[in-house]
């Protein structure tokens, strides 16, 4: 059993902890945070299923006041684990790294950290082998993680030369009050970082793109114009997507009209927090543009990176050396692709 | 065991079915709907925990095509149960009523139906006794249900003469594409129907109010200016709200900043669908206005009426004749008020 | 002086009337509508700068009650003019056409009508010649009008073979209460009609695309991936766009961050209604994707079609037979491209 | 002619400048800002109708690069004027005050500054006399300004003892990208500052209230529960509002459905920037709540404070000593109340 700690118990950290708890070959030792946030209060109301460590010992009093039991400090947690999933705010991970080095522990950082925090920039499906045995890995961001799933899926089948992507980005998560946009679309400088990151992970693909922020909370939508190495039609594209356990093909005709339908569906499935680990492809958006193929995908930003984080633990700890064996275990424990059996 | 059927498996119907399934003294016989909606597809993906009956037999082919097993027709379902929870679209319930009469079954309608569909306009806490043994009950709408909880709570303690309410209404549920509002506040004619409905349930209170629609999806917020029969301060108000198992007092200072915080918190609690049965009172909004008392509450529109529907079954079926005994059982089976024990 | 009538005094009709009033070689005879809408009430409060005709004579009483002077019926208006700009709701134009035929008048329909309502599907810059002397013209919709401006601009310079477009559509206009979307992105079936329409106007270009609705009101944003006949870089693209009087190149660095910045800027310019006739290209979004060129444009949906409607009058009435002469006059009278002189 | 300078050329500053330019007994000497913002670029594109002074001389190069002519520094401007309207960001006005003192000039600050920046907290209609001859005045914020107009209107007629207000606040202005809220309602601590400010201006009224932020941009909506000194019905309330040149009574039945209708109407009126100086009362919201009166008003946040700022100049410069004479001149030059003549 690989022992895992989660540092930063926010939107991503909570889901990482839940994901680790589901992996039968891992043990979640505990989670750490700096103050009694709503997430920590919910942990308490649930009866403390995970032990809590505090990252800023001076804040102990705040936790006491809120009646929240504390099992130790962040430094205590680090010593008890084999590997840390660091899901702190951007920049904090780089500082925490010193602590992980001090105790010679492995750590996996999220997309918000700078690339040089890690030895390798990692994606479970696209470059699993590069992560094998490394001490510090950095995951791709939510958009890039989902985008690469789709592009890698086609690339392994037919070869992809080039992608031009348009990211229609949700600007905040449900419940965010510290950021937002009201009745405005905001355009970013091109190329967006997701295209650049895709090229770092998949250096044989030429990628560029434009990102537009939109005032919604339930999932990014990305349109992809991909240039394949050989001609490929809608049916073939559908076939490959349908075989991928982290890609769910959905139909507008069935009522999947956009990001909010997928969020509702995940809630109605009874998924914890209404989360969905899969990206979705909208079947009716797949069209040819000359020899290019164009399609739209949905990225559930809160949960999409969880599977690739589990993969990263497998790679860093060399739990599996084979890519497909590793992702298959992650998928199994997370219950991914079960809809494919039907 | 009282046998219950749920007709209409949409936003409310799904939650009613889940609520009934939790009542240890009731049996959920099945649910009915007209077509393979996303909610029905989710039911199938979950492995059909509830039997499905179809309301429009001609649509059978649609269900077959989607691979969804059907246990019979709506008429079959009605014959198998003691009581129906009708959660169909406004107006459909009135038509369905003929079927319920044909088989002499009891039925409980939701707030969207006209009042004359039922023998009594019902609220679990406020007028439980009026529902005892009745054949047809109509529940108050989500806003009115939550509002009455708060007003009835104070009324039973100090007496309330008059309320002037401002409803800041969420305009759609998460995942709704058939209705919406974009960058606009919409004002309705006063008094709003919620004030009128409150007076129907609590005829000794004078109520009026203004309703403004806002382009959000996570919970209505209502401000109440209540005139009590005797002077009452913030501490006393807080005491009464804190004792009520269907009212949760929350603090801005703890991070409960509005309707979206409560939705996030319910997701983080692991509540199915991220639902919350309780209304919330924002502690820091309680102020005196002369001898009046003013405060703001949050109404989680998707789930708030579930407890009162369970109460309605208890009343209609005369499972309990005592109001407090009835609501206590509902609360127990739904797990309400557990936070109060800590 | 060509005599013009505007039928339908809504969002588009009001702006068409204002546009005609600015053309020194046209005379606005009057406008027609069915009831005393807010737009008609504003016309009255301004002192009736335009004569008003009513399309439904039975509604005369409503106008009287609101104190709004009426100059006659729609049928009266049709008889007084040479050409009608029909800006009624989709489908109404097709019915009105019978009246225009009865009096043998020319008419120009908007993008919401079906193509077969007209003899030619028209765009001022792209196919002016096709409209010359025709009785019935149909304009492209707002998105298509703006999109074709950009594509035609490059096509005339370097030749465009193919475009793959992503339309990030604003879902309602400011002040719309009859339609809207709340916290959701909605995906449409591909290809979108704008791509199909572009191919009707520019049959030598292969076009496809995906459209996503977003809950905002200030302008659509379109990303275009265009395949030119020869290699072309950002500087050359910029040069062509900068020379076009109906295209405004703006910089994120100057504060033009998206559709809402452009709306604010138009208000601050003192443009009537805060309107902008030009599309905008965001300079920092222009990038190469292999030999393709990618960029993002903004479409101010309320006013963008006004210039091409003026062009259409010029073509239908054969006021100018030369394309560039015609559009130059429209531009001059609308004050377009003045910023280019500085 | 009183010489006026406007410092801070943002949302409020631009409108103050336009307002001063319309006052026939004032002269707008110039406006000042720190950098070539979009507002300043629009000023340039309009041909510099107002002279521009720069507040940070070191930024001169930025203006030169953008081709924007500069007439001097802020210090130059201050020396040329009799009175400054300071519309800088909150806190900057307090620093600028030192400069105004150095040259012994009068200055009027906006609602964002702290009260102690000024000798008097001012509202044109409610306490004009207090501003007479003072050196430093501070205006009430947009919400408070509009709210006091309505409360003062009734107070002068029947006497108001107490108000309980609910502010449904728009969270950003059209074009704002630096702040926003997405799919959330945010609740503030009670009482809100607007209630407290109202009591500072009208000390004989007891006021409290709750403020809820909503993700829209076109106008705040406030519901007021007012306790009058004698019984008063809807007709009488309407009569007083209808007589007030800064209050516009509108009807839902006519199509004024909320804040966005009013914004659209102002655009359709041809008002510069689509602005409206008046608050609006929604006629169908006026109801009695026992002996209290309840109603909803709309506050056009961008422009509502302009008239009271003009009043403030009149008071500070003692241009008129009589309150009604002063506000009448402001109204006349701004064209307010013209709709009342019809």
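Think of it as A, B, C and D in the order they're written, each chain with its own count starting at 1.
Definition applied: a residue touches a chain if its C-beta (ideal position, glycine included) is under 8 Å from a C-beta of that chain, and two chains touch if they have at least 3 such contacts.
Everything quoted here is computed from the prediction, not taken from an experiment.
Asks: When contacts are scored as defined above, which chain pair ends up with more C-beta pairs, B-D or A-B?
Replies: B-D
Asks: Farthest chain from chain A, comparing Cα centres?
Replies: The chain lying farthest from chain A is D.
Asks: Using the average of all C-alpha atoms in each chain as its centre, how far is it in Å between chain A and chain B?
Replies: Whole-Å distance between the two chain centres: 35.
Asks: Roughly how far is chain A from chain D, going centre to centre by Cα mean, in whole Å?
Replies: So the centre of chain A lies 47 Å away from the centre of chain D.
Asks: Indicate the whole-number Å distance between the mean C-alpha point of chain B and the mean C-alpha point of chain D.
Replies: Computed value for the inter-centroid distance: 42 Å.
Asks: Enumerate the residues of chain A that touch no fewer than two other chains.
Replies: Within chain A, residues 174-177, 182-184, 186, 215-218, 257-258, 260-261 contact more than one other chain.
Asks: Note which residues of chain D are touching chain B in the complex, please.
Replies: So the residues of chain D in touch with chain B come to 161-162, 164, 166, 168, 170, 183-191, 206, 208-210, 212-219, 221, 223, 225, 227, 252, 257-260, 282, 284-290, 292, 294-296.
Asks: Which chain D residues qualify as touching chain A in the complex?
Replies: My answer: residues 171-172, 174-177, 179-184, 186, 215-217.
Asks: Can you list the residues on chain A that touch chain B in the complex?
Replies: The contact residues of chain A facing chain B are 14, 36-39, 41-43, 45-46, 66-67, 173-177, 182-183, 218, 254-258, 260-261, 263-265, 267-270, 272-274, 339, 342.
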